[in-house]
Amino acid sequence: MLSNERLIRVQWGDCDPAGIVFYPRYFEWVDASTILLFEKATGLTKIKMLERYGGAGLALLEARAAFKVASQYGDDIKIETRVTEFRRTVFLVQHRVTRADGTLALEAFETRLWTTRDSTTGRIRAGDMPAEIVAAFQAPGSDPANGMRPASA
Amino acid sequence: MLSNERLIRVQWGDCDPAGIVFYPRYFEWVDASTILLFEKATGLTKIKMLERYGGAGLALLEARAAFKVASQYGDDIKIETRVTEFRRTVFLVQHRVTRADGTLALEAFETRLWTTRDSTTGRIRAGDMPAEIVAAFQAPGSDPANGMRPASA
Amino acid sequence: MLSNERLIRVQWGDCDPAGIVFYPRYFEWVDASTILLFEKATGLTKIKMLERYGGAGLALLEARAAFKVASQYGDDIKIETRVTEFRRTVFLVQHRVTRADGTLALEAFETRLWTTRDSTTGRIRAGDMPAEIVAAFQAPGSDPANGMRPASA
Amino acid sequence: MLSNERLIRVQWGDCDPAGIVFYPRYFEWVDASTILLFEKATGLTKIKMLERYGGAGLALLEARAAFKVASQYGDDIKIETRVTEFRRTVFLVQHRVTRADGTLALEAFETRLWTTRDSTTGRIRAGDMPAEIVAAFQAPGSDPANGMRPASA
């Protein structure tokens, strides 16, 4: 299964008066990491991907993070992002954030919904994940054991 | 049990290109809401409360949000915050974010740890929640059925 | 001339490791304050105002702030916002940010351009400020001496 | 004179409902760029540099930006940062933000003050820029014509 790695240098302004990363920043980075993973899979920006596949967005249903070790200004952290499961309309994203010495700083999880716009009413509603996108996450050399599970939403 | 209500007008810059609140903003508001609840309970700012009770911080162990309805620029939302459980060193915070019409926009949950600084090593470690702070959340007129449970961390 | 006042409680997460407001936050507040002033003048949200008057945006040409006294977590600050000059297509906004004791924390200034969308090419370009909007800033009881100057852009 | 270049990919969450970068973000990037430039010059993080040289901070006196072309999600921008002048206690920083095609997106300018802590009163006050730091900006091969001017604050 395709994954995306991204290095971030923690800046002064990312940190709070305790000198550690203000935690909403992690969700900013994690949100961007999910988009970057889809860009990597499809070769398209989020906007172009939605246009091409008739999507209206990657609606967030749930976000969660479990914090292990705080990060500070000057730290280099790595965010490793992968989709752990594609269901019919929903997909699960996992982000592992590690420090330069390899220790886990935090893990974050997103549950997202592929949405489309109803051509009659114009309303946003759940849509089936385009098979072409799901297939694009099956990168060459990926371990089938870690691959997509044909689950229902 | 004491709760805190806070109204927020969603601003243009809180929103993303889809025109809805960029979700890390909710965690910014939620983090501040937890602090404001402790200020309300103790009558002290976070900094003064930590000084008074020998605390080093309200370390975040886990944050989670379940999103129901998106909010947009110009919306007025209400954040209602309460501690749902005090354990020995850990406490659970719940935030209900509702729209002007009363519908639930999202719920967020934080698991936090009362930390102290070891006087010998200077290291941060879990500490027992000061009884005086826990008592301060027992606001007059609070429903005992919703009160604190004597749970272990 | 119409002005808008807005109180902001500085939150923990607004501050950096030095314990003072991370300065980009001031620009976030100032940007919102300009929009709120236009809402107050027109009775419309920014989106509806642009629709009504054929605008494409309030493009920022220049932003500047002069910092006097730092603000910290727990401080209550007031942002007082006014348009100091309407030119043909450009207007100047001034923001005075004061502390609870009335001392000046900072002043910020924005130079903004009323833009419209060319109906033929679809491109964004400078447009004349709608007279109705300019007139709306002439609040009852405003001092003519502080009023609009008929300047050219 | 030493300069620092930094590439930034504009993320979805950096942008507002108009689809362009929410301008306070530029100041976040610019603030970090100034710190990174000092790190490059001194080989120290901001915190260690302040410790080593008895500094209390790089207090911001003024920040200004002139915007030319908006940036959008997916754009790659380059921030080129240099100190244009060292005075006795004050220094001026210039940031040129360019797009991938080399066009100027914006220019930002900061006026900053080297501060120290009075050993008697503990108060923050202006301090002379350490000569060693100023010298560190004279990178090998720098053009003397663009070098430091011995100006008074």
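Note that the chains take the letters A, B, C and D in the order they are written out, and that residue 1 is the start of every chain.
Everything below uses one rule, namely that contacts are C-beta pairs under 8 Å (C-beta built on N, C-alpha and C of every residue); 3 or more make two chains touch, one makes a residue touch a chain.
Bear in mind that the values here come from a model prediction, so they are computed numbers and not experimental data.
At the interface between chain B and chain C, two copies of one sequence, more than half of the residue numbers in use appear on both sides, so the contact is built from largely the same positions. The chain pair C-D and the chain pair A-D differ in C-beta contact count, and the higher one is C-D. When chain centres are defined as mean Cα coordinates, B lies farthest from chain D. Averaged C-alpha coordinates put the centre of chain B at 35 Å from the centre of chain D.
Distance between chain centres (mean CA atoms), chain A to chain D: 32 Å.
Centroid to centroid, with C-alpha atoms defining each point, chain C and chain D lie 26 Å apart.
For chain D, residues touching at least two other chains, in rising order: 12-13, 17-18, 22, 24, 28, 31, 47, 73. Every residue of chain C that touches chain A in the complex is listed here, in rising order: 12-13, 15-19, 22, 24, 73.
Those residues of chain B that touch chain C in the complex are listed here as 11-13, 28, 31-32, 35, 45-47, 73-74.
Residues of chain B touching chain A in their complex: 17-18, 22-25, 27-28, 31, 47, 57, 59-67, 70.
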